[in-house]
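First subunit A sits with subunit B, and in the next complex the same chain sits with subunit C.
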Partner chain A sequence: MALLSAGVGAILCLLVLAPLVRLVAVTLTPDGLRAWQEVAASELSRNLLWRPIVNTLAIGLAVGAGATLLGSALAWLVVLTDVPGRRLIGVLASVPFILPSFAVALAWEAAFRNGRVGGHVGLLQNLGLAVPDWIAWGIVPVVATLIVHYYSLTFALVAAALAAVNADLLEAGAMTGASQARLMGGITLPLVLPAVVAAALLGFAEGVSNFAAPAILGLPVRFHTLSTRLFGAISIGQVERGYVLSVILIAVAGALLLVGTRLGGRRSFAVITGKGSRYARVRLGRWRWPACGAALAICGLTAVAPGVTLLASSFLHQPGAFAGGWTTHYWLGPSSPEIAQGQPGILRNPQVLHAAGTTLGLGAAVAVAATVLGVAVGYCLARSRVRWLTGLIAQLSYLPILLPGIALGAAFIAQFARPLGPLPPLYGTFAILVVAGAAYTLPFASQAGRAAVAQVSTDLEEASLMAGATLPRRFVAIVAPLVARGMLAAAALVFVKIVRDLSLMLLLMTPTTPLLSVVAFRYASEGFVQFANAITTVVVAISVGVTWLARRLQRSTQPWMDHD
Partner chain B sequence: MTDVRRLCRVVCGRWAWVVVALVVAVAAPLGHHAPRAGAQSRPTDSLDRMDRQALVAAARAEGSVVVYSFTSRIAAVERAFEAAYPGIDMVGFDISSTEQIARIRAEQQAGIFRVDVAYISDAPVVFGELVRRGLLEPYVPPDFANRIPAQYQRPLLANRISTKVLMYNEDANPTGPPVHNLWELTTPRWRGKVITVDPLVRGDYLDLMTEIVLRSDEMERAYRLLFGRPLVLGPGIKTAGEQWIRDLYANGLIVLKSTDAVNAAIGARGQVAPPVGFSTYSDRRDNARRGWALQIANAVVPSPGITFPALLGLVRRAPHPAAARLAITFMLGDDSPTGGPGYEPFYVPGDYATRRDIVPHPDAVPFAQLRAWRIDPVRSFERRQQVADFILRLQ
Partner chain C sequence: MTEPAIEVRKLWKRFGQVDAVAGVDLDVPPGAFLVLLGPSGCGKTTVLRLLAGLEEPTTGEIRIGGRTVASGAQGTMVPPAGRGAGLVFQSYALWPHMTVWGNIEWPLKVARWSPADRSARVREVLSLLSIEDLEGRYPSEISGGQQQRVAIARTLAPRPRVLLFDEPLSNLDAKLRVEMRAELLRIHRATGATSVYVTHDQIEALALATHVAVMREGRIEQVAPPADILATPATPFVATFVGTPPGNVVPAVVHEGRFWWHDVDLAPAGGVSEGERRWLLYRPEQISVCAEPGPRRVQVTLAEALPLVGRTVLTCWHGSSRITAVVDRVVRLDPGATLYLGLPDAPATSYADNGSQAGGA
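Take a look at the complex of A and B:
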């Protein structure tokens, strides 16, 4: 047992701690120290650091607040009111988080792009509507697309918390004569507040670390964030500056998350009774249908419209223009010198097919690696008695949640671009993508592992121990079958997280290990809009399909649905 | 095992990584992997002298060749190459020069040898870093040695000269270029109407900006010609070139990520007041297919931009050394006047072959009349980081 814990601890050190240490260490070399000075205290600082940091924080705050408001309101409607169409709203509201954030950003561009930066314009402008610059480019669309992406996460968290609110408390309140508003403010809100705060913090952290949205909708008008600046620095070979910016980005995201957790996570309520019956839903009266309409409109626009926009625009001859006619070239067409520099349609393009294979393989490999590690972490935390070691494992397995994908990618390059002890250099290999993916999804996988292992009674293991079973045998014969179902769902979600990821893989990928999301991003920045949109549609389809499968496996993910 | 020993093991294990990481970080700062020449030099020497027939046979045995290319035309080269040499698979990757440099550096440092040929521009960094450190090696096919001027053979072979020049929309400006002097681009008439690829993302555009700074005397004269008074430099600005760059940014310069995006913005037909901007002259070849009307503003004072070589280098320790050489040979073209299928993707108006025996393209400004500055890679290399940091302050 102790050996297992030590092994898991060592793996986590290698996976999480070592890249971070290395990242910081590189910035402390002479070149690194010069980069610190250039980034933080030179004439470049204003544009390299301060303005991007202000933009980054503004995005984080706006996304955290916006996603929380929207997601909580929808959760309240679905869980606590008698709004019609609750089930449909609930299903639709959980879709946007499955979409890759670059899909939403590309869809926004396909719809709202205007003439500000020249070239083709989006659907609305082509229909004769003048799209102002502030809607097409910069902070407003970046924040809007990220809210679209993350309100769905808030919705899931808050809806689960609301569903768990004990109806007896509300009834007791109602019997003492409290109004609806007072029940809400006095009982429901305090009970779900931890979930709301957690959701807001996640929205904030994701807003701070997102790369795709500012890269697609901000860079053309020179709107920079820390993540776009660090990507820019590393991709033009100013590695040390990039690492310095990574350290700063990690520090900003991590510090605010920690402070937020301290401030918001303290209060908890011991609810003495068992789970009671569901309190009668709030009657919306004449607001029922308007609320339903508004909720469905929001969900339709955020869950369905992006996918449809992308799919439709991938069939357009001229980007954004229905007038130019329709074509299947970008999907099926053979290479023709007439179109797109001879690039064939994506289903005929060997590089895209190669990328599709690598992407699926990577998703599967990371899913396996992360779930195995997650179960091991969960097992150690539940069974190991070496307290400092379990503490270390718990901390390290949670740490990556503080690390923006693009910064984690930079850390992995710093660590694995050279031989490390007995390990060969991993840069440019499939292995580094798997290792980085496993580290990135570790918090999620180990959370699932913890929950799954916690459900396995120690009685069973003790019984087998008495019968003389060794640890590996106990693990295979008892723990593994019992956690399999829960972990299968977790594996599917890890798979999706990797398949749709852009920020982590962008720096790690090399042309010999192409990935769909990165290829799509390349196409988008090269102006091959239809190819980008077609590939993104494929990624969306894979993500939605696999998530749907996972939900079937794990029916309990939406407990608020059971009561309808 | 006692608890104490276990604890020691774990702690040591944990700190060992930290220590190793620190030692590695401090002792071996990034870069400076000495090329291992000795063992490799003998077989490649004989490959360098090998005639075409023997090279093809050796390449067939290797079976494939991997090319990083700064132009998307590699897709067409790939098709032609595989048609000419069935059984040898060309795997082409369209990667910007800047990214190629970062990747080749990282891959070589990591000891990953997967790429054979780099088709790359950005000569200042390529010469100043990759070739100097031995990461890219020259190869001149023996049968072309006397058909290409020496200046295009060393330190790396170039198969053509490319451009980054001021382009305009000839559909919207039927009487000729709407700009006659680069300084006009800093005036209100062109506010928000000038486009370029981000010089901090693509080295070729940084080379253009660097050249403008290096040509500050000519920029100063051009200023006087347009405004009739000497240029007064702003605070903190040291040269006329920097002043122009600063004024251009202050005038709402639009900075995009790729040349294609710039072309579409400038060139799309049917625009009422299209922007002008810096792009590749030879992208004019796509006018008919993509509905563009790109044309070079060759007469603009003091110069429309720069010309620079498109370089073909062997990547150090290429896994397919013979096929790599065959690919380079193929991209120089055959003995027909226009270079045949291997050179066909580059036989377009606005690209200038380095081979003396390829006839100039009829639809382009002859090379001698092209007013673009020819960059000096060595001088550019010395200055470009400073120009890059100057631009970073502006955007």
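Take a look at the complex of A and C:
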């Protein structure tokens, strides 16, 4: 057992701690220190750091607030009121988070792009509507697309918290004659406040870390955030500057989350006792149908519209213009010099097919690696008695949640671009993608691992211990089969996270290991919108399909759905 | 005659296909302590929630203090707070984010009491329940028994005319339960509020009640003071449900002017005609235990012998019917032994109808 824990601890150190330490260390070399100075205290700082950091914080705050408001309101409607179509609203509201964030941003671009930066324009402009710049570019669309993406997460968190509130507590409130508003302010809200705060912090951190939305909707008009600056610096070879920006980004995103978990952890309202009873839902009266309409409109627009927009625009001859007619060229067409500089349709393009293969392979490899690691972490945390070691494992397995994907990618470059002891430099190999993916998805996988292992009672194992089984034997014969079901769903979700990821892989990918999301991103930045949209549609389809499968495996992921 | 504090008329509550409450009529006199007693799922909680106003009746009417608070026919539905009733939840339902003081005070705030009145009243109920020291604590920082007291204090604070309790003691351990029973009686005397109390524990019912209503499958089988319920159970179900141990009800068929249970000749059938069925009640204490067969003796197999304050309760099987007997001495018998139970000359009472209850084979 001690050996296993030590092994897991060592792997986590290598996976999570070492790249971070290395990242910081590089910024403390003479070159690194010069980069600090350039970034923070030179005439470049204004553009390199201060403006991006203001933008970044503004995006984080707006996304945290917006996503929390929207998600909580929808969760309240679905869980506690008699709004018609609750189930459908609940299902739709959980979709946007499954979509890659670059899908939402590309869909926004396909709809709202205007002529400001030249090139093609979006659907609305082509239909004759003048789209103002502030809707097409910059902070407004970035915040809007990120809210679309993350309200879905807030919804899930708050809905789960609301569903866990003992109905008696609300009925006891109703017995006093308090109005609905009073009940909500005096009882419901304080009870779910920890979840709401956690959701808001997560929304903030995600808004701060996100790369795809500002890259697609901000970069063309020189709207920068920390993550786009970081990407820019590294991709033009100013690696140290990139590392410095990574450290700053990690500090900004991580600090608040860390504070938040501290705050949230202090007072959690465990349900006191006894069985809860069935709760009479809040009657909305004449607001029932308007509320239903509004909720369905929001969820429909955010869950369905991006996918449909992308799919439709991938069949348009000219980007964003119905007038130009429809074509299947961007999917199936052979190379022809008149269209798209001779690029064939994505299903005939060997590069895209190669990317599809690598992406699926990477998703599968990371899913396996992360799941195995997750179970091992869960097992150590549940069974090991070495206090400091379990503490270390718990902290390290949680740490990546504080790390923006693009910054983690930078840390991996810092660590693995050179030979590491006996290991050859991993940069440019498939292996580094797998390792980085495993580190990135570790918090999720180990949480799933903990939950799964917690269901295997110690008794079962002790029974086999009495029978003389060794640890590996027990693990394989008792633990593994019992956690398999839960972990299968987790593996599927890890797979999805990787397949739709852009920010982590963007810096790590090289032409020998192309990935769908990165290829789509490149196409989009080069103006080949239909290809980008077609590939993104495929990624969306895979993400939604596999997530749906995983949910079926889990069944219990949405407890609030069974609450009637 | 004074007007009942609570009147219930032909009350029905249907959930989908289930009739949780199926035609309940009830009069509760002012100041009474009515206990609703019945097996799990018989609709006790639903009746209580209907009284509280947390559930709307499908049909029927409820009047509290002479005022109609719910009526299926007229569509009247007075909201919970307008009924002058307080409910103590089985789960206590203490708001975990408020202190003990806050929990008790909040309903008064909602009812717009002045701050001075509020704080005086909170102090008063805290001392009534002897929990003055706990006022600053959160619910998660006090014991189960203390939470129970806080829940009661919170319900009492707005001075409800009617107190409703849903199995309030079921989460407490045996010793605390006895203590809290005494406490509840004291509070009932102190407040004089008409109380309706749900339980499936008949000891609790008999200890607390001025009136017991025995429920089964959404209906009330009998309402009477506890002693009467024990002395003259109105239906075979009540007879077999109430009492420690409960009575034995035996299905008998009339043959040649006598009641027969299988091949046992029980008693003269009186005026009952040939071939009819009756359900005969034999109290455990009327049954004697014998070693040999004889007239009115039933051959049984002993399932268990439970010594109880100088007596022994014998649970026996006759085929698939269970018979309980009490003997006035401590007997030593092994389970599995064959015994003969001697029935008295005449049953305690007989019922023409067992209300679809299978009273034995």
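FYI, the second predicted complex is superposed on the first by the 558 of 564 C-alpha atoms of A that agree within 3 Å, B and C clash if a C-alpha of one lies under 4 Å from a C-alpha of the other, contacts with A are read in each partner's own complex, and residues count from 1 in each chain.
Please note the rule applied: contacts are C-beta pairs under 8 Å (C-beta built on N, C-alpha and C of every residue); 3 or more make two chains touch, one makes a residue touch a chain.
Fair warning: this is a prediction, and the values are worked out from it, not measured in the lab.
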Label the relationship between subunit B and subunit C on subunit A in the superposed model as either fit or clash. fit
Which holds for A:G177: it touches subunit B only (first), subunit C only (second), both, or neither? second
May I ask you to decide whether A:G186 touches subunit B, subunit C, both, or neither, giving the answer as first, second, both or neither? second
Have a look at where A:T458 lands relative to subunit B and subunit C in the superposition and call it first, second, both or neither. neither
Does subunit A have more residues touched by subunit B or by subunit C? B
Going by the contact rule set out at the top, does A:Q395 touch subunit B (first), subunit C (second), both, or neither? neither
After lining up the shared chain so the two structures overlap, which partner does A:T328 touch, if you call subunit B first and subunit C second: first, second, both or neither? neither
Tell me which partner A:Q37 touches in the superposition: subunit B (first), subunit C (second), both or neither. neither
Which superposed partner A:N166 touches (first subunit B, second subunit C, both, neither): second
Give me, in Å and rounded to a whole number, the least C-alpha distance separating subunit B from subunit C in the superposition. 38
Given the complex, residues on subunit C that touch subunit A span 45, 52-55, 79-82, 85-87, 89-97, 106-107, 110-111, 139-140, 144, 147, 154, 158, 171
Complex interface listing, subunit B residues touching subunit A: 1, 3, 6, 9-10, 13-14, 17-18, 20-22, 24-26, 28-30, 66, 68, 72-73, 75-76, 79, 93, 95, 98-99, 101-103, 105-107, 109-112, 114, 192, 195, 198, 200-201, 203, 254-258, 260-266, 268, 271, 274-275, 277, 286, 289, 291, 389, 392-395
Considering only the defined contacts, which subunit A positions touch subunit C in the complex? 166, 168-169, 171-178, 182, 186-187, 190-191, 193, 269-277, 280
Report the residues of subunit A in contact with subunit B in the complex, numbered from low to high. 2, 6, 9-10, 13-14, 17-18, 21-22, 25-26, 28-31, 38, 43-44, 46-48, 116-120, 219-222, 232, 234-237, 239-240, 318, 335, 337-339, 341-343, 351, 386, 389, 392, 413, 415, 417-421, 424-429, 510-512, 525-528
